[in-house]
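Shared between the two complexes below is subunit A, which has subunit B as its partner in the first and subunit C in the second.
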Partner chain A sequence: MRKVRIRGLSRKGLLDISGKMVLSLNGAEMEAVKKYYEEQSREPSLMEMEIIAQTWSEHCKHKTMGGPVEYTRIDISGEEKKENINSLLKETVFRTARELDRDYCLSVFEDNAGVIRFDSDSAIAIKAETHNHPSAIEPYGGAATGVGGVIRDILGCGRGARPFMNLDVFCFGPCDTPREEIEGEVLHPERIFKGVVKGVRDYGNRVGIPTLSGAIIFDRDYIYNPLVYCGTLGIMPVGHIEKKVRPGDVIISIGGRTGRDGIHGATFSSAGLQEETDSGCVQIGDPVTEKKFADAMLKLRDMNLYEAVTDCGAGGFSSAIGEMGSETGALVRLENAPLKYEGLKPWEIFLSESQERMVLSVSPGSVEALGKILDAEDVEWARLGEFTSSGRLEVYYKEKKHADLDMEFLHGGLPRIKRKAVWREKPSADFEAGGISLAEAWKKVMGDLNVASKERVIREYDHEVQGGTVLKPLAGKEQDAPQDGCAVMPQPGSKRAVAVGLGINPSYGRLDPYKMALSCSEEAARNTVAAGGDMKKAAFMDNFCWGDTRQEEVLGGLVRASRGCYRASMDLGIPFVSGKDSLNNFYETVSQDGERKKVNIPGTLLITCAAVSEDAGLAVGSDFKKPGNFIYQVGRTYNEMGGSVLSRVSGRAGGGVPDLRPECSRGALGLISSALRKKTILSVHDISEGGFIAALSEMCFSGVGASVDICGIKLKDGEFSERESDLIKLFSESNSRFLVEVEPERAEDFEKLAEEAQIFRIGETTFDEQITVNSGLRGILREDIGVVKKIWKSQIDE
Partner chain B sequence: MNKSKKAIVLKAPGTNNDMETRFALEEAGALAETVHVNSFAQRPGMLEDAGILVIPGGFPYGDYLGAGRVLAIFLKYRVMNEITKFIKKGKLLMGVCSGFQVLVKSGILPGKDFENRATLTYNDSGRFICRWVRLKVDSSFFWFEKMPEEIELPVAHGEGKFKGAQESAKGLIKSGRVPVKYIDNPNGSELDIAGITSSGGNVLGLMPHPERYLYDFQHPARGSRDVKVWGRLMYRNIVKNA
Partner chain C sequence: MGIKEKEYIIEVFSEGRDPEGERAASELSHVSGYEAEEISFSRIYSLRGQLEDEEKVLERISSELLCDSVTQDYSIGLRAVDAPSVRVYLKNGVLDVEGKTLMEALEIMGIEGVSRAAAARRYIMKGGRGDNLAGAAGEFLYNSVIEYAEIEEG
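Moving on, here comes the complex of A and B:
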């Protein structure tokens, strides 16, 4: 058995080993390992080193966000303010659920997924993951296994939840980037885009879970390190939320076989991408195997044939068994693991991240009954050993012991390393749009890749499977008008629904990560409420993707964004129940003369909001329904052009990122929520990217025209010229705003409901298929719906 | 309960529309049971107790060898006698989406008179497509009883293009075996065929998904006009006529 010599080594020697073995452990961590083995008076085995590296990886332990940070904030005058953060996670997102103390939150940041109550008997599990590095080097396989992995998170939450919807969010470089502008041996964005979409499609469709929600962001800073977020929601009986491993339980693996694919996934994703990164770290997915064991496993769950379950994700058996047995102990016999092919070394079997595998903890008396059911459904299973009361992780291959680790050291021995973060306040400049005409700006905004229709992608995803889909990504008369959020009935026979909304905007984050977090959280909440979700039964989930957080300013942005999450959560009264961070999203090239060049992604935060809706029929959709109805703007517009789509298409910087004003927010969200429940509105669309004019245009894509007068929309704060005022009203992306359609005979009811929210009646829906915007007597914009729609629909196609 | 109201939903590894299909049948008054092909192969006699057999959609065995092909072979060589008996008795067999592909690739549809003369293949677009389509139905078929000429249902498939050899598409229409056609053909199906029946009319292969439309608020154009819940109505027709 191979040993790794570490005792007595200098820090440099230790770091050499960490680098050569792809352990991704730093100096202090290697020192802690050395100290442990010096105390044990022996050298670690190869397998032990791999187990420790996997367990301590950033991917598995979230060392940066969970660890201490020395944070320095430098204001515009250059004055420094230092503070010590003990744990970023504990002081921000983790705190929200405790402080808000909502009784519908059933499991928060404990398990594989967050769990909220659905009805008296069932609960909803919610989780999103990223699969960025695998998708960068092998887009199809990387994205497919991203989907497969997060589905297993839901299957492994509690004693197992049944997945009922997926969401997928991608950030890519622009597909028209000329190859010669891309440095290094990376795949072209178009190839990544196509591969990722196909991977998600083939896995999601085959496994029979509707892909209902998503977004695609195009930005040059993702050329070298694309982002692929995959999320899943599942439903489970409340009685299955708790799980407990007992000493004496048999360790049983079910599902796929183990091969050499995906070795070092956990450690590789915890470092930056480099030119020489090889695609053997990426796993190979098989959705039918996943579907098979999922069906069988849920049957076993309902028969109470196992005590606990965990998915094999990053780190494979090592991570699953190591975590499950962390409070007991485990004895593993690897020779029993079914293999894809011969020739795997024992440590490879233990660390492999081959897909579609779960680990069950089964009481010895249930093994036979369990095996029978698995056999009948063609699901392969194996006895891998048992959970013990030794407090040790002991791994055998045949007679030989390959690892014998103290669980306490393995899970608690990781040294806490203080990191430094800096945030420099930047002086703000006013936004100035230059000479662009309003009509030109409108068309450019509608043709912006991040606003443009994603129909080409959406149609390839089955968003109706399982039969519960209510509010789909596209709807309206022509089925091509975009919708806010989605709504789905997870339980056949019940009209109760789950509404889901997303918020992501790296353009805001570049300027102000704090306000990005505020705006993304509110956007997710707006979409959820518009889809019928009940704000009083809502939960948030965070997914941070950040660059190299060893750089103080990069980590400073992460501190700001986390604090924004906390503020938004408290202001909106929606707790965070689950989350995940993926750091080290950067790409490094080394030129021939040894010069290193690093490209970081912009700090990117995805906020997902999920809420229960007592009646699926509440979701009216975002498309205008009929001519002759009133159109209202809900909420006030501010001069907030920073990071807006207009600033991008006009190539102009400046302006502030949209802020969150708690009272306006609660007023607007409350109004939409009660108007939907009182059935006073026929359609509702939130105003977000592209501003008022993008929202109005999208509502007209159902083929119903609109004629509005923006003169009555009162701007807050400041004196503006006529042109400035037009630009702000049409293109500012202020939060807490919606457009709604109300039948004239319900207008009084609607206006009565609006006591606590600002509303402006701005016009009506029309028979002519045109979009007309006036300001008093001034005609500002007028165009056929068809012309605008064509621009919006023709950007993303093959 | 009347034996004929018993329904079996046949599920293979990779089938994924079984839950909603079973619910749609139950909602329409049937007593439905989901049966795994492995147990079905062990006790194919269970068909004698049922009046309805549905092969729901999904990706049985992954569809890597062509949609529905592996399950078709399984049926053909393991349980064909029992299925033939079931059909001869006039009991109802429906294959939806991948279930339709299974019926065609096992030769159950179009049937002996058109043997090996039809298939379902890749959409003209070369892409999977998920959307709602307008359909023209013939309400003289009990499957579509009491429906107007035009209805809407969702489709979701990559291989839904009906293709006949030797004028079989025309022949099927002539012999009254095509109860449902696309108005806005999403896949390039010959003569807009969206579903066909056996010569006896009691076997239906259907590309669109009636089980995905059981509530009015699922219709993508709800609110802009009155909509009827065609999927629910179709399952009622099936159970009523079983």
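Moving on, here comes the complex of A and C:
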């Protein structure tokens, strides 16, 4: 058995070993490992080093967000204010559920997914993951296995939840980037885009789960390191939320066979991408196998034939068995693991990240019955050992012991390393749009890749499978008008639904990560409430993707964003129940003369909001329904052009990022929620990217025209020229705003509901298929819906 | 002494519209170094083993399992073509989902004697011209991280 000599080595020697073995452990961590083995008076085995590296990886332990940070904030005058943060996660997102203390939150940041109550008997599990580095080098397989992995998170939540919808969000470089402008041996963004979409489509569709929600962001800073977020929601009986591994339980693996694929996935995702990145880290998915064991597993769950379950994700058996047995102990016999082919070394079997595998903890008396059902369902299974009370992880291969690790050291021995973070406040400048005309700005905004129609991608996905979808991604006469969020009925026979909304905007983050978090959280909440979700039964999920957090200013942005999440959660009264961070999203090239160049992604935060809706019929959609109805703007507009689509398409900087004003926000969300429940509105669309005019245009894409007068919309804070006022009203991206369609006979009822929210009646839906915007007597914009729609639809095509 | 295994090849291709070929041609138009008037796409299935009554069994596998008789046709053995072509295979150790499913299907059909099945793709470059087919293929037909290609100059 191969040993790794580390005792007596200098820090440099230790770091050499970490680098050569792709362990991704730093000097202090290697020193801690050395100390442990010096106390044991032996050298670690190869398998033990691999187990420690996987367990201590950033991917599995979240060392940066869970560890201490020395945070320095430097204001515009240069004055420094220092703070010590003990744990960024505990002091921000983790704290929200404790402080808000909502009784519908049933499992928060404990399990593979967060869990909220659906009804008296059932609960909803929500989780989103990222699969960025695998998707960068093999887009199809990387994205497909991202989908497969997050589905298994839901299957491995509690004693198993049944997945009922997927969501997928991507950040790519622009597809029209000339190849010669891209350095290094990376795939072209167009190829990544096409491969990722195919991977998500093939896995999601074949495994029989509808893909209902998503977003795509294009930005040059994602050329080298694209982002692929995959999320899944599942439903489970509340009685299956708790799971417990007991000493004496048998360790059973089910599903796919183990091969050499995906070795070093956990440590790979914890390092940046480099030109020479190892191709062995990429995995391929097999949705049919996943579907087979998922169905069989849920049958076993309902028969109470296992005590606990978890998925084999990053780190494979090592991670799954190591975590399940962390409070007991485990004895593993690897020779029993079914292999794809011969020749795997024992450590490779234990660390392999072959897909479609789960680990169950089964009472010895249930093994026979469980085996019979798995055999009948054509699911391969194996007995890998048992959980013990030894407090040790012991791994054997053919009677030879390859690992014997103290669980306490493995899970608690990771040294806490204090990292430094700096945030420099930037002076703000006013936004100046230059000479662009309003009509030109409108068309450029609608043609912006981040606003433009994603129909070409959406159509690849199955939205209907399982038969519960209520609010689909596209609607209107030609089935191509976008929707805010989605709504799905997960429980056959019940009219209750789950509404889901998303918020993501890296352009805000470049200027102010704190306000990005506020805005993304509110946008996710707006979309959810517009899809019928009840804000009193809502939960947030965070997914941070950040650059190289060893750089102080990059980590400073992460501190700001995390604090923004906390503030938004408390202001909106929506707790975070689940989340995941993916750090080290950067790409490093080395030129021929040895110069290293690093490209960080912009700090990117995806906020997902999920809320229960007592009636699926509340989801009215974002598309105008018929001519002759009143159009209202809910919420006030502020001069907030920073990071806006208009600033991007006009190439102008300046302006503030949209803020969150708690009272306005609660007022607007409350109004929409009440109005949907009183059936006073026929359609509702939140105002976000692209501002008022983008929202109005998208509502008209249903085929119904609109004529509005923006003169009556009162702007807050400041004196503006006529042109400035028009620009702000049309293109500012202030939060807490919606456009709604109300039948004239329901207008009085709607206005009565609006006591705590500012509303402006701005016009009517029309028979002519035109979008008309006036300001008093001034005609500002007028265009055929078809012309605007063509611009909006022709940006992303085959 | 064991019986020597044989490799049987089945090629399945479109009759009429060929969406995969059209997609590949559209992507080729963005790549420099090679041009083709039309790309024809087919799937290749390789079966290793020892089949009894092999002609009849291969016909059955092709017609009942691999080929949709409305839109596709097949050939036992690789078709001879007078144009350059690219065959794309998965590298060793990469899970071949189609091959795995094929093995399961053969078992269900009661066909014995196949020890290994694998799937590959073939792109026939009709009217192909240019001196860098290998380079162009790497740009749009396969990913060298998990696949490799065999180029036939035709």
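Note that in this section the second predicted complex is superposed on the first by the 798 of 798 C-alpha atoms of A that agree within 3 Å, B and C clash if a C-alpha of one lies under 4 Å from a C-alpha of the other, contacts with A are read in each partner's own complex, and residues count from 1 in each chain.
Basically, contacts are C-beta pairs under 8 Å (C-beta built on N, C-alpha and C of every residue); 3 or more make two chains touch, one makes a residue touch a chain.
Since we're looking at a predicted model, the values are computed, not measured.
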| item | value |
| --- | --- |
| Subunit B versus subunit C as contact partner of A:619, first or second or both or neither | first |
| Which superposed partner A:527 touches (first subunit B, second subunit C, both, neither) | neither |
| Residue contacts on subunit A - larger count, subunit B or subunit C | B |
| First, second, both or neither for A:45, with subunit B first and subunit C second | neither |
| Partner chain in contact with A:138 - subunit B first, subunit C second, else both or neither | second |
| Which of subunit B and subunit C A:340 touches, first, second, both or neither | second |
| First (subunit B), second (subunit C), both or neither touched by A:288 | both |
| Partner chain(s) touched by A:57 [first = subunit B, second = subunit C, both, neither] | neither |
| Interface residues of subunit A shared between complexes with subunit B and subunit C | 286, 288 |
| Residue numbers on subunit C that touch subunit A, as the complex places them | 23, 26, 30, 93-95, 97, 100-101, 139-140, 143, 145-146 |
| In the complex, subunit A residues that touch subunit C | 137-141, 187-188, 190-191, 195, 259-261, 279, 282-286, 288, 340-341, 354-355, 798 |
| Subunit B residues within the subunit A interface of the complex | 13-14, 16-17, 19-20, 23-24, 27, 36, 38-39, 57-59, 61-63, 127-132, 154, 156, 209, 211-212, 214-218, 220-224 |
| For the subunit A and subunit B complex, residues of the former touching the latter | 201, 205-208, 286-288, 291-292, 376-378, 458-470, 472, 474-477, 479, 492-493, 495, 616-617, 619-621, 623, 625-626, 682-683, 702, 704 |
